[in-house]
Each structure stands twice: as structure tokens, then as C-alpha cells.
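There are structures below to look over.
Shared chain: chain A. Partners: chain B in the first complex, chain C in the second.
Entry: the complex of A and B
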């Protein structure tokens, strides 16, 4: 049907293009479908289709083997009575908000410092590196450092003679996951913000200095407004990636061959734990799908709200 | 007119195409009158404290990776007795054990094949789509680009159960081919999204010249656009290789037998087997290094591309 539109589209095609390209444009339109369809088919079949299927499954009771049984919204109402899900929901949101706030605050401060330093290219590469390392590895290392007889306790006891601190007991485990998440994500956001700040022409800062602006005022009136576009995209990017966090929590503290304790689960672990995961998987496909869909809807709403909140008139410079 | 002068200078010094090239802070300001003013703000203690913190962070990351590599050559008792000691001799036993007995050799082969093959396939499918979406003006091109971008927001935990059901109906569960197809398809949205933005930013003039010379649109795509977009194609290829190499959730659901494991699954498997066979941290860290070192090598080689690609994605 897209091919049927040219009579309308043709006359107002590109300004200033040489006449000879009209025929070229017309025959290029013939490439449109063959070029776009393979990607579209894969995308529909393996991403969009399964998402809709998950929505369908979420209205059923199903273990993947026997027949699906319709049970309407029961899965969803059961979720809210399930303390495990409520914990997973809270954890996901805590990661989003608390870790997110820490990541952006720290990244901003680091960016402001790093951009004036010698060797910033090297610093940025090192800070960024965790982003391309498997989160499982980072999780193992993070756990190892804070083990009972791990690095941190060893250093503390030799320097201060303190007793080993139980970093990884049930009370502290999620906190350590939060801090670990901040550790592995900060470098990425430093890199993104640094790239945005680098695009700000130098003379804005010089003008600000001449006008007697202090460091805070330069941040508030030059850096923030002029890098706002990128920061708002980065905030949405963080929202999306925070929902996807799985490996770091899954492998954390782990020498067991089971799931981590439910107290540290987030949404992704909840889905996995209620379907395929654990020593004896529960195969609650309908229930797990309901939680996944619920989180997807919640995060979609959050992103819409976030976009509204972060929208500013973009400044050309 | 002084400010005009600095506009011109910064204009030259800010190649907006590649922020990564702006190096070392030496480009900061034109050597002009006001520089002493700037310098006075640099000595304050807060700034010094900040620098110390940055270097502490950098040192921490470097130490962590040094620790990984050192530990992979040590025995477990050595790791706990002297975590930061240099291993007395280069002890390759951990590596050979991990490689030969814990299945990391097979896993490395599996993962490398998957990541390379699937990322090339993703590129082959996505580059044409990105080309027409960025160049042809039809009513559907805009909405379709947005539709592809929506896929970036759908996490694997939403699709994994239906995908499992789909693949088990066609007998592609516990199959590297099945995972290959899934990796290829699930990376399409990101690849189309990144490449559409990239190709849109490329000049049209060369293609128009080719059209006047009588090149067919397909030839123009193949011989003009693809070479022109090469850096974008390479960047997205590498980003996909990294993402597939490290992928775990889909792998852990779809692969069930040890000889099909990817490296991350082999590592998780090793981690859980330590509960029965005793803590072998030397072996664990050798496995960790097998997972990390290929990515480290890729990073050392192409860090600028990788960083550029990621910031490009966010800059759109």
C-alpha cells in the first residue's frame, strides 16, 4: 500500500535535488518493501509477537505442558497479594530511583571533574570498561571483594583492626547490589554526559567566567541547559536498562546452584524464578507473564511521564 | 570581536562528529587574554579532592581487573592468603583445567560462533531496512522507524516464555541454531534504530551524483551507501557482538546441556559446581578471564568506536 502513494508524494519531493534523480527516487521506492520486510518480519515474529503472546498467556493458568486455562485477571490480582512479587516490584523501583539518582549525581560530578583533567581519555576508557564486561563477572568480583574473608574485610582488619563486617548477610545483600549497580553503570553515563558537555562551545564558559559566574552557576546556567537533550535521553535509557538488569543479581553472592534469596529479586528474576529458574522450577508461565506485562506497562507509563517532565525547548547552539 | 574570534576557534576545535577525538583537555581554550582567570579556579581544594576521588575510582577498576588476571594463575589458598601477592610462578593449571575439563573450550567456540554469526546476520537484515527508512519518504517510513525503536524498550523477560514455547514447537530448544535465530532477531530493533539515525546524518549528494551517472538504486545502496556508512556498520556490529557474547537470560533458558553452553553459562555452571567439588577460586577466575579477555582485547583495539557508538545512540 505504500507503493500506491507516490502520486501524492512525488511533487513535493526534495528541494533542490537535480532533476535526474526523480526517476532514481521512483525506482528506489521499489526497494522499500523488499528492504524493510525481512527486518520487520524478524522483529514482529520474535519481539512484538511474543510480547502480545505474553499478554495473552498472562490471562491464563498454564505450565507450558497441559492446556491453557483462562482465568482472566486472577494472575494480576494474585501478584499484589504475593509478598515475593511486592518485594521484586519494590526492588526494581529502588534500583530505578535510588541507584539511578546516585548514578546520575555521581556521573555529573565526575564529568565536571574529569573534563578538566589531564588524561581524561584514559580515565573515561577505564571508567567505561565495566559496561562491556559480562555482569556475571562483575557480580562475582563484587561478591568476592565483600566476602567474609574477602578483600575489603582484610584491608579493614589490617588497617583498623576491625572485626569482619558481614557485608553479604541478608540485611545488607540488596544494598550491596545497589552499590554494585552504581559502580558498573556510572562509567557509561560519565561517557554519555561527557560527550554531551564536549559539544558545548567553550565561549559560553568564558562568557560566564567574565560575568563572574561560579562553578555552580556555570553548571546551572550553561552546562545543564545545553546538555539537557542528551541527559533526558540518558534518563530514559537508564529507565529501560534498569528493568533489564538480571545477571548481576542472579550471580551475586553465589556459590549456590539455586536462585538468590527472593528478598533481592527484581522483576527479571521474579519472571525467571516463577518460570524456569531454581532447583525445582515452578513453571507458572501465566503468573510469570502477568508480572512481566505488569512491569512493562508500569515502565512504559514511567517513561511517558519522564519524557513529559524532562521536556524542554531544545536549544540550538 | 574577541568572542567572535573564539567562536571561530571553538568551531574548528569541536568536530561534532566525533567527541571522542577531542583529546586530553589541551584543546580547551584558545590561547587568549582571559586564560589566567580560568586558571585561578583550578587550585581550590574541592577540585583537588574531586581529582583524588576520580583517580581512586580509576585505580579501583584497574585493581579489580589486575586482581582477576593475577588470581587466575593462583591456587585457592594463595588467593585467600595473599590476595594481592604476585603468583610465585606462572601456574597455568587453572587455565588448562578450565579450558579442558570445565568445558570452557567448547563454550568459547559456541559463543564466538553465535556472537559473530548472529551479529553479521542482524546487520545483513537491518542495514537495508535502515537504508530505506532513512532515505525513502513514504508515509509509513516515519512511523515504522518509531515502531522499530519501541523494540528497544521490551526486555527479554517479557518475551522469553512465548519464545520458549515457539521454539519448542519447532524443536529448536536446546539448540544453538535456535539461539542463533533469537539473537539475530532480538538485536534487529537496536541495529535498525542506530543505523537509521546514522544513515540519516550522511550526505545525500554522493548518492545523487551516482543516480545522475545512472546507477540503479540497489547499486547505489551497495556501492555508495554501505561504504559511506562503514564506520556506523562496524560500530553496531561490535556492539552487537559484545551484547551477544555477554547475554545470559536467553541462554540460560534455551540451552540445557553442557556441550551447548555459552561462556557465561559455563561460568555459572562452574560457580554452582563449586558447592559440591569445593571452592576452586583459581579455576573460577580462569573462567572469568576467558569470558572477559576477548572483550578486553576488542575494547583495547576499538575503544573509540565502541564509546562513539554508545554515545551516538544516546545523542539521537
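Entry: the complex of A and C
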């Protein structure tokens, strides 16, 4: 099996002349600003601006209305002493690692199965479906399915005569949230990974089969190396989206006016719970901002580390 | 040549887009409140347009416009109207009138002095009635609507009484002789259990509903204001009081004796209260909205009755809450808004909150729907106390993060009263020690 890897140090692709001097390049450069400025303005106004504002607010006590009072790093040190925040942090990391591992493991298995199946575009659509439907709708459906007299318990008691299982009680709620998260997200990653696997020429697999490679070996020596760039992007993508999971937990664990129990909060719910959330909101904007900034820093670091860990020379084929 | 022309056009289009977006942004930030004339005001309602209260208010607003010539711009925002108000307070686009439960208003705009003192409204005459507002809104509601300094931040128009609901058709004995003390109540529950019924319904996924039980038991034991004092103590020293332990043990025993309907800890609201309305459980401790909320699903012939939460000593006050109007300090048309408040409190208009929206009002001369007669009697006869003793509103962060989770564990039999006391004592001390934000 020979794979062409570009020699280190040489650019992989040449994009036009190094300093475009032709008429085309000049006019393209003239178009650069008008096209970039609108996006940049919006990005500054709606992403960078609010992030900087949150950083500033995080050093204050602020109820959202009165004047802000300087608080230094007190919000940050209070966070580490707050058991609810520590739980939220742990839950966020559990979602990232445990749900993430499950999502990628299931995605690989499904990829291997679906790759060789007939009608795979249909199956791909079915797998992708949970990702299209709003998480709020899914969480409501899950509530009906798993509640005390819900579908699952009814089926179990009809078929096996079992007592209803308290799927949604305090002990099981977070586990159900993890399972739900995996179920919602897997379809997306199957689709991404499948698209990458589809690019791999069939003869690699045929050759592996002839060499007597089993399914695991085909995954290990063909699929993974040849789709590694996509997988690493998908991993980064999951890391970022896991931090932002909000509505599934909120709607699955809570009710119209109430937050879910703090034991299942992740960091996004913590921010909401300390600012606007609940029947009687806390309005602790400084504290909520501090937690959001802390998570931003933590996840930025995580992503940098992850990118280094996942970096490989891409393989052309 | 043509190519260059086209590119120039693209560039022009891109620039136009930039400028348009800029203008759009500027337009959005401009004041669109349309203020100016005093003959109008803006009302952000806590009701959504299809709710019965919204229909009653909409009719009253239309009458008010006709009679006073003052235009009302109403937005049916729903329950997060106060959250939106909080964001609006830093802009020029502030509504002149809002409504909400008293603790939601006090939590958002009282502590930070963003409310208008409505004491003057008490002296206003209700148009068409030779009575002032003070004459129809009894002073017993002032504990909900005034600050410690006596400023009036709310004028109530709906009252919620919290009582223990049951079906008098199924439980005629209870109707004849409703339990008054906790011991009597425990006997009723034991009989219910012995006869193979589920004594109590509770949607345990709403931590606030579970909290009603424990908070009321504690404020009954310590007297009104006692539970509030207990949780505001930074040393958390009051939890070892034998009375407190006794009240907690009483609540814990409900779970221990399996008095709650199976599934109360693992269902989605309103599954359990619906089961109660279908006679699958006997009692439901709930606000006076219970008959309206469960009415359409109730068993045929269900006869809504209720009694006061049983006593643990001498306190027999009725846990209550009020919904009312408030005016933000920076409202431009406060006067017009106040005129509407007085207008709405006219007996004929306010009575529709009772006759059409099936809720209680602060006016004692308004007739109440049949299913609310018991709770109305309590409202008129008993002293009132704040539901959860005011803890939910004033210490919401503590309540949400420390008290409610532990309380759920107590009420699902996961921890004993002693473990509860140990954990809440530590949790409360830590909370107050870290409460710097």
C-alpha cells in the first residue's frame, strides 16, 4: 500500500502567484475590504463585543440594573467554593468525555456497518433525523417516553411484568441526559465521518480484505488514517458543541417556569440559572459572567491541547 | 471591459450592504417607544393573549381607552415580562406598567430601587365607584406589596391562597370534618393508605411544589417569618431546634410511609396532578389555580374543596401570594398607568378575574367561583403569611441551589431528617460564606 505524502517544508498547494501582480489579483484585493467589513462588523458587535463585556462584568457585582461594583477576582474564587458550580463543571466534562467517547464509538461502528449497506443514503437520513428536530421537541418526547407511566415502562410491564423503573428520578436523570445527548448528536457525526470514509477508494478496503484484515483492522489501518483530518475536525466540533448544550437539559429536566435540579446543570445552565433562570431569578450577572469566562478559557485550552494531540500529517490519496 | 464593470457592481453591492447593515443597526438602537404624549402608556403583561386573565384585562383596557381617551399600547409578553423589563431598564424603552407575582417584582426592581412608590394610588378614587383604592384593597395584603420602609411597589388585583385540595365527592368525611392539626391530617392519611388509596399527589419535578410542604411545615412551627429567619442566619444555627426537627420528621414520614403516589419523583408535570384530578390520589397542596388547571381533566362529578395546611402549633395563617401592577421608576407615563390601575379595581371589572378567569381577587365584596369558596373563606378569616415564608423570592439563589435539592432528597426518602439538618447546616454556612456576588 503506497501512500503519497507531500515532502515536509513544501507547500501542499500553490494558490496563484505569491504576490499577485496581475489585473485579476489587484481587483480581487480591492474587493477584499467590502466583503470582509460587514462580517467583521457583525462579528465584533455580536461576538467579540459581548465577550469582552462579559469579561468586564465578571469582575463586578451587578444585578443588571444598578451601577456595577468592582469585585476583583472575588466572583472567580467564589465559583471554586460553590458546590453547584463544581457539579456543573464536572457535568460539562462528563458530557464532553463520556458522551463524546460514546458518540464517536457508535459513529465508527455505524459507519462501518452503513458503508457496506444498500440504501445507505436512506439510513443516513434516518440516523441524521434526531439532529434536525429541535432538541426541545425531543426532550418533551423523551419525557413522555421515560416518565413513570411512559411508553417504556408500559411496554416493560406488559411484556415482562416489571415494576415501573424511575428513569427520571434524581439518581437517573443525568444518565438519561447523557444518553439523550448521544442519541441526538450521533447522527451528525456518522454523517460527517461517513462522508470522509466515502472518499476513500474502495481498492484500499479490497486490498485489506485480500490481506485478511478483519473489521477492526480495516478501521485501524485504512479508515482511521485516511479520514483522520475529518475526524480531528469533528472532535474539535464536538468539544465546542458539548460546551453549548443547553436546551435538551433545560427542557428535559425542567418545566415551564423551573430550572432542572442543580445536580444535572452543565456550565451553560449554570450561567442561565445564576442570571435569568427559574421562577425567581438570581440576577447575579457578575457571577454568571465569571463562570462563562472561566469555561471559555478552559475550553479554549482544551481545544488547543486537542488540536496538538490530533495533529497528523494529512495523507493524500 | 464587461468583466471590470461587473466587478465594480459587485463591489458597489457589497458597500451598499455594509451601509445598509450600519443603518439597520442604528435604526434598531433608536428609541422606538414613540413616547411624548401623556395620553398614552405602555403595558407589558405577564399573561399571554389567550389566557383568561389576558381576556379580562384586554376588555378592561378597551373600556379604559374609550372612557379616558388614553391610548394603551399593550404587549402580552408572558411570565418573563419582568426579565425583559430588567434588560429594558437600561434603555429608554421602558414600559409604564407591568404585572407579576409580588416576589418576582420585588426580586427584580425593589432591592435596586427601580420601582415607583404607588402609595398615592391608595388615595385615588375608583372611577364609577365612590370609594378609594385603599377602601377596597384590605391592609392584610400590604405585607406582600410594601417594602420594609413602607413604600408601595405593587397594587394587587389577584390573590393566590395555598391550601390542600381534595374531591369532596370521594372524601365526604374529610369535607364534613377537615383536619386541622398535623396529627389529625396524619390520621386521615393513614386511613387513606389503609384503604388502598394513594394519599398525596405531588409533581416532584417541580422543586418549588415540593418546597411548599416543607416550607409551610417549618413556618407553621416557627411562626410566620421563622423559616425566613432560619435560612438567613449565616451561622445556620437554628436547624437543631427540636421543633424544626419535628417538622422535618413529619415531612420525611410522608415519604417513609409511602403516602406519595408512585412515580411522584419520576414524572413530568402535570402528570401527577392530573392523576389526582382523576381520583388516583387524595390530596394536593397547591395554589388556588388548581381547579382551573386541572378542571378539564377531572373525573366526572369531581367536587373541588380544600382546607388550610394543618397546624404544628398555634400558627394557622393561610400561605398566600398576590399578583398585581407595578410601575417602573423611569416610566414616562406613570400617571396614565396609575389611572388604569384604579379603573381596573372597579368591582364590576375586577370581578371578572373571579367569574371569567376563576381566580381570587383582593376585594372581599367580589363573589367567588364555587370551587374557591373554601380557600376564599380562609382568605377572609385567617391572617395571611407568605408562601415559602418569602424565602423563594428573597433568597432565590440559596433556595434553588441549597434548600430545594436537599428538600427533594428528604421528600423522596433519600436522606433522614438528621442528615438533612447536617447537610443544610453545612450548605447554608458555605453558601453565605461564599455569597459575595
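In this text, the second predicted complex is superposed on the first by the 289 of 317 C-alpha atoms of A that agree within 3 Å, B and C clash if a C-alpha of one lies under 4 Å from a C-alpha of the other, contacts with A are read in each partner's own complex, and residues count from 1 in each chain.
The rule we apply is simple: a contact is a pair of C-beta atoms (placed from the backbone, for glycine too) under 8 Å apart; a residue touches a chain by one contact, two chains touch by 3 or more.
Bear in mind that the values here come from a model prediction, so they are computed numbers and not experimental data.
Asks: Pick one for A:127: touches chain B only (first), chain C only (second), both, or neither.
Replies: Touch partner of A:127: chain B, not chain C.
Asks: May I ask you to decide whether A:206 touches chain B, chain C, both, or neither, giving the answer as first, second, both or neither?
Replies: So A:206 only meets chain B here.
Asks: Examine A:38 and indicate which partner it touches, taking first as chain B and second as chain C; both and neither are also allowed.
Replies: both
Asks: Touch test for A:64: chain B only (first), chain C only (second), both, or neither?
Replies: Touch partners of A:64: chain B and chain C.
Asks: Considering only touches as defined above, state whether A:273 meets chain B (first), chain C (second), both or neither.
Replies: Only chain C; A:273 stays clear of chain B.
Asks: Which holds for A:84: it touches chain B only (first), chain C only (second), both, or neither?
Replies: second
Asks: Examine A:159 and indicate which partner it touches, taking first as chain B and second as chain C; both and neither are also allowed.
Replies: The answer is neither, since A:159 touches no partner chain.
Asks: Which chain makes contact with more of the residues of chain A, chain B or else chain C?
Replies: The larger set of chain A residues in touch belongs to B.
Asks: Does any part of chain A touch chain B in one structure and chain C in the other, and if so which residues?
Replies: 27, 30-31, 34-35, 38, 42, 45, 64, 144, 149, 254-257, 276
Asks: Quick one: in the complex, what on chain B touches chain A?
Replies: Touch residues, chain B against chain A: 3, 6-7, 10-11, 13-14, 16, 19-20, 22-25, 28-30, 34, 37-38, 41-42, 47, 50-51, 53-55, 57-58, 61-62, 64-65, 67-68, 80, 83, 125-126, 128-129, 131-133, 135-141, 144, 148, 151-166, 181-182, 184-186, 188-189, 192, 204, 208, 211-212, 216-218, 220-221, 242, 245-246, 248-249, 252-253, 264, 267-268, 271-275, 279, 281, 284, 288, 291-292, 295-296, 298-299, 303, 306-307, 310-311, 313-316.
Asks: If we count contacts the way the header does, which residues on chain A are in touch with chain C in the complex?
Replies: My answer: residues 27, 30-31, 34-35, 37-38, 41-42, 45, 61, 63-66, 71, 74-75, 78, 81-84, 143-144, 147-149, 164, 166-170, 172, 253-259, 261-263, 273-274, 276, 278-284, 286-287, 290.
Asks: Chain A touches which residues of chain C in the complex?
Replies: 4, 7, 10-11, 14-15, 17-18, 21-22, 25, 79-80, 83, 86-87, 89-90, 103-104, 107-109, 111-114, 205-208, 262-263, 265-269, 271, 392-393, 396-397, 399-401, 404-405, 408-409, 412, 414, 427, 430, 433-437
Asks: Of all residues in chain A, which touch chain B in the complex?
Replies: Result: residues 2, 5, 9, 13-14, 17-18, 20-21, 24-25, 27-32, 34-36, 38-40, 42-43, 45-51, 53-54, 57, 64, 109-110, 112-121, 123-137, 140-141, 144-145, 149, 151, 154, 186-188, 191-192, 194-196, 198-199, 201-203, 206-207, 209-210, 215, 230, 233-234, 237, 240, 243-244, 246-247, 250-251, 254-257, 267-268, 271-272, 275-276, 285, 288-289, 292-293, 295-296, 299-300, 303 of chain A touch chain B.
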